[in-house]
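In what comes next, chain A is part of two complexes: it sits with chain B in the first one and with chain C in the second one.
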Partner chain A sequence: MILVDLIQIVMTTLTVGSMYALVAVGVSLIYNATGVINFAQGEFVMLSGMTVASLYGNMGWPLPAAIAVALAIVVIYAAFLMLITTAFAARISLIGVLIITIGASIATQGTAARIWDSDTHRFPPFSGDAPIRILDATITPQALWIIVVSTVCVAGLIWFMRSTIAGKAMRACALDPAAATMVGIPVRSTILLSFMLSGLLGAAGGIVTTPLTTIDANGGMLLAIKGFTAAMLGGMGSIPGALLGALLIALVETTTVTFASGAYKELPTFTIIILVLLFLPRGLVGGRHETGLHHDDLTRT
Partner chain B sequence: MKSKRILGALVATSTAAMIAASAAAQDGDPIKLGAPLILSGPGAFAGEASKRTLDMLVEDVNAGGGIDGRPVEMIYYDTEGKPDVAVRVVNRLLKSDAVHAVLGPIASWEAVAVKQALDRAGVPTLMLSATRASVDPQTDCMFKLPADDAIVVARIYEYLNAQGWTKIAVISSQDGFGDGGHRELVRQAEAAGIEIAFDEQFSMEETDLAPLLNKVKRSDAQAVVNWSSSRAPVIVTNTYRQVGMEIPLVHSHAALSPAVLNGTGENGEGMYAAGAKFEAVDNLSDDDPQKPVILEYRKAYEAVFGEAPNQFGAGAYDAFKILSAAIDAADSLDPAAVCSAIEATDGYVGLGGIYSYAEDDHAGLGTDSVVVYTVSGGSWQIVE
Partner chain C sequence: MSVFAKLNNHPVRRNTIQVGLFLISMLLVPVIFGPGYYLNMMIFIAVLALPALGLSLLSGLAGQLAISHGAFFAIGAYGSAILSTRAGVNPVLSTLLAQLLVIAIAAGIGAVVLRLRSHYLAIATLSFAIIVELVIEEWRGMTGGMQGMLGIPPIGLFGHEASSDIQFYYIYWPVTALMLLFALNLSSSRIGRALRAIREGEPVVSSLGIHAAEYKTGIYVVSSVFAGVGGALYAHFVGFVTPATGSIMFAIEIIMVLALGGFDRLWGALVGVALITLLNEYALGFADYKKIILGVTLIAVMLVFPRGLLPGLIDLVRNRRFARTA
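On to the complex of A and B.
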């Protein structure tokens, strides 16, 4: 019996952790490039999920076409977000920009509720529902999709940041925008790219997880909070850190539900987060700043 | 001195004139009804259907000259599905808008929050929420429309006993709705001869219920009762099939919506739920008095809005009809008179059931208004 539990815990952790990871990595990516914490990250997931649910689930479009449209919509939305945040970032403090992203998130939710509706939506899983049995534990094929797609996306992103010129340019902008400009890196375009990549990550998440979790116009906010928490836990600005934080949170939640009760799911998770940040303010892996996010960083204009 | 006297007389006369004028203006004044509904957020499908239905009914009534010759004016506020916002808008309805009656709120957790304010104001209220707590403990002028958790649970236990599934697992959501259902399930179990072998709650945010359902699988329950609303029944049902559970799954009345059928698709075949007769009107026998009423409402709603109504719109419909009948019978808007008139409602054939209120019964419906459904061929069919 305990073996079945362990297998189930591993599968659920990987599945749920992948969901959180796509959001967390997106948050860290944008923070890395611009110093802005994007609370509208969850809306990338929501918008792509809702779009595919309408086009493929309701209107019968072929899946690839629906996915393409969803990705396009989210990328445009991400570019729009970037324009808003950078337009204001020059003039107000970081915490002000942060609040703007929260406002953008709320506005997006309301608009989505008007365009679609407030009901929950879903579309059928890609490979059907028939569960795969491992001993007595079952996993659904969609969970495998989630894990594979998330791994490919995050690995792809890490490769991109390390090995391509554009990726290195992004890291350069994060380190020192002025110096980056001096060596000819177009900082604005690079920041735009980071937002769009972040959007793609969230969009991919929405597309693969909606068959399992359903989506509704207000689902983004919760994901953004989980994603932000995971990124913070791992070290804000670090992509491997965000991944680690996401998996860790998913693990603690799943273990609690399996061995204790679902009612107390949040308790151990946030206790651990508080303890880690108390003793390791840079997060588990260490983020961009030497000593974590400070009051000065947030309020300096 | 003299000018002061004249001034005083002038003020007195004009005040008297104003009072006389306003008293005279009473007769044509609109009847103001307040409706705190969920118009945004995840529960908005419920509030939207209610608002559309009320708009439809008010237009009809006003076209026919109103109630007692007075036009009806609906004042809507969005509670966003949050209890604190609900309290705020209800206070506004009571104090700024001075409504004559309230129709709503919809969510169980909102109803519990606003109960005290409404009771203190003594304004006739027809609650559209399904929790027993709206009328238990009972107040002077608050009535409930939907079949509440107490009645639905009683019906479910009746059915379970008849099928021989007396050992059950209960999973419920950690919110006002889940709590209400859970309380009734536990309270009525012993008397109904039902043993609850597994009892756990889950959070509405939960996206992966596989760990919880695996635990249920390992218990020796013969059936599972799930008390949760909005997207939770979809996730529960899909995960249920995913982990390969074969024992019967019974949902609360919150699962009786087209959205749940859409979300579960094939996974929903064979699952049960209990609720009002509204969902499967075509199943009803022709001599069921509710059938023509339900069919007429569905037709009218679909004609205007192009889609099928849901049980929340139906609740709003019944509330408005009962209230307007009561105001008409009482021939006044005096709260005590309207309340007595509502209490006198007996055998009113509505969409949610046949309502009979009494001085000691503000819940209105009995277990005879609840039926058990199962999903067969992709739609809800009445089992019995």
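On to the complex of A and C.
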């Protein structure tokens, strides 16, 4: 294996992994807050990508304006998701919430296909196309954008959760909603915040990745599943775990594409899911310890 | 005690009578109403009822929601298609043989994923479904890739191939009725009770000496075979299969069927299938609108009637009646 190939693999893994990290961290965030796995997670990415593609790419809006609109749309959508998944929470079983998020996901896909169309879209990269050479391996500037933005977002989130009152409130709610309420934390608002942050992460992902990988109305579901895999691999509910899981998944994918056929690149990822569920139910880093409202354990007994 | 009340003491007898009456009425329908386009739709209902019944068994008895039914529908369809087109096997035989593949895969998957809780099971089965879709799309030599397979021989009995809708109708509805009867009897049997007990509290059941894992895997295999048979019958009716057969959207439609008809009612599943088929015909338009309507309806139904539309409505009617007498 030549050094060039190695560097190329590393670069691609970082790029793809950053993308998955944004989705996976978002999944873990919502799971932390509500014990729900959000099947519509990928739609955050899709919506923001499509919005910027049509506003900036097609209609010539300035990029910052397009980005602002995309973020706003996704945040509103995330709030709406929060409402439908937590309404009547007492009556609906976990399966019911699951079905609701699935329904939300496909409804969004259909709506997006109607508002825009079913083709793939992209818009021009932020800093142009000229590849940057690192020791004979190439990387496009957009990939650097992806890595940087992801790192900033995830680091920002971790800082937020550790150092701000609102972030600590989120962690408190995740640990024990009843106790949090007793201390005066508004649990519903905090859950709303979790959803919106999760949406922002996904939206950021969509905005930086679309110039490189294009987006289409149906692309969200596949991304969401990879996000789940990554989050589970690292430990569902753990944010550093989600990051780790995302990088690992990206690594597996990249090596598969490099050494085997590109057509089967999804195969290892989904095999990993099943292996993780079989052997590593707590994930690598260990998920959150569930208490309070959502006391499902990963396995039944 | 009335005749009906006494019948409840003998569930198998009751089920047989109910299904028998149902089948007789279904068989009389073409006689009364004559041939027509609706026959085509009714055949689809018979075929699609099978994966719906399968999932209903799984969710009603075991309380689990899986998204793998589309995949097993596809495995049954493609398996039977490949055997009958490439190996010249008689369609009835190939349908049965394809189920061997379904059983093997379902047993393998089931053993692994059934100890998982609701949403993890959903993710695992969804991943499995994606793998199946991928394999179907990429293994072009076997499956014809994105184009699918054409020219699948129609099902036939005693050497005659079915060549008209009426013939298919009279072959498929008895099959569906038989499988419905099987499902109903399974549900009222010791096995059914054991499964419901497992759903409520597995540790207790295990302490009584029941191997919960075996039961759960067993019902998963049974429900997957239902889907697989449905898929094979579909292939031999429609004559072609594509990667869209038994896709994930299909699996979600089956979930929709249960959301409408009730998650733990077998007869409700039939109602749900009829509704969805009607909707597909007359109201859903093309793919994108369908997704929107499907998604929104799923959300709405689950929010208002968490146990399913039909059970919810029945409860509503019952409660109103109760309130009036009070």
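The definition used in the following text is that the second predicted complex is superposed on the first by the 272 of 301 C-alpha atoms of A that agree within 3 Å, B and C clash if a C-alpha of one lies under 4 Å from a C-alpha of the other, contacts with A are read in each partner's own complex, and residues count from 1 in each chain.
Simple rule for what comes next: a residue touches a chain if its C-beta (ideal position, glycine included) is under 8 Å from a C-beta of that chain, and two chains touch if they have at least 3 such contacts.
Note that the structure is predicted; figures quoted are calculated from it, not measured.
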item	value
Which of chain B and chain C A:254 touches, first, second, both or neither	first
Partner chain(s) touched by A:105 [first = chain B, second = chain C, both, neither]	second
Chain B versus chain C as contact partner of A:45, first or second or both or neither	neither
Touching partner for A:157 - first (chain B), second (chain C), both, neither	neither
Which of chain B and chain C A:216 touches, first, second, both or neither	first
Which of chain B and chain C A:170 touches, first, second, both or neither	neither
Partner chain in contact with A:232 - chain B first, chain C second, else both or neither	second
Chain B versus chain C as contact partner of A:113, first or second or both or neither	both
Set intersection of chain A contacts, chain C complex versus chain B complex	110, 113, 118, 217, 222, 263, 266
Complex contact set, residues of chain A against chain C	36-37, 84, 87-88, 91-96, 98-100, 102-111, 113-114, 118, 217, 221-222, 225, 228-229, 232, 263-264, 266-267, 270-271, 273-274, 277-278, 296-301
Touching residues (chain side chain C, partner chain A) in the complex	59, 63, 65, 112-113, 115-120, 122-124, 126-128, 130-131, 134, 138, 202-203, 206, 248-249, 252, 255, 259, 287-299, 302-303, 306
Interfacial residue positions of chain A with respect to chain B in the complex	1, 4-5, 8-9, 11-12, 15-16, 19, 110, 113, 117-122, 124, 129, 131, 133, 137-140, 209, 212-214, 216-218, 222, 254, 257-258, 261-263, 265-266
Contact footprint of chain A on chain B as seen in their complex	40-45, 48, 174, 200-203, 205-208, 210-212, 214-215, 218, 230-231, 234-235, 238, 241-244, 259, 262-263, 265-267
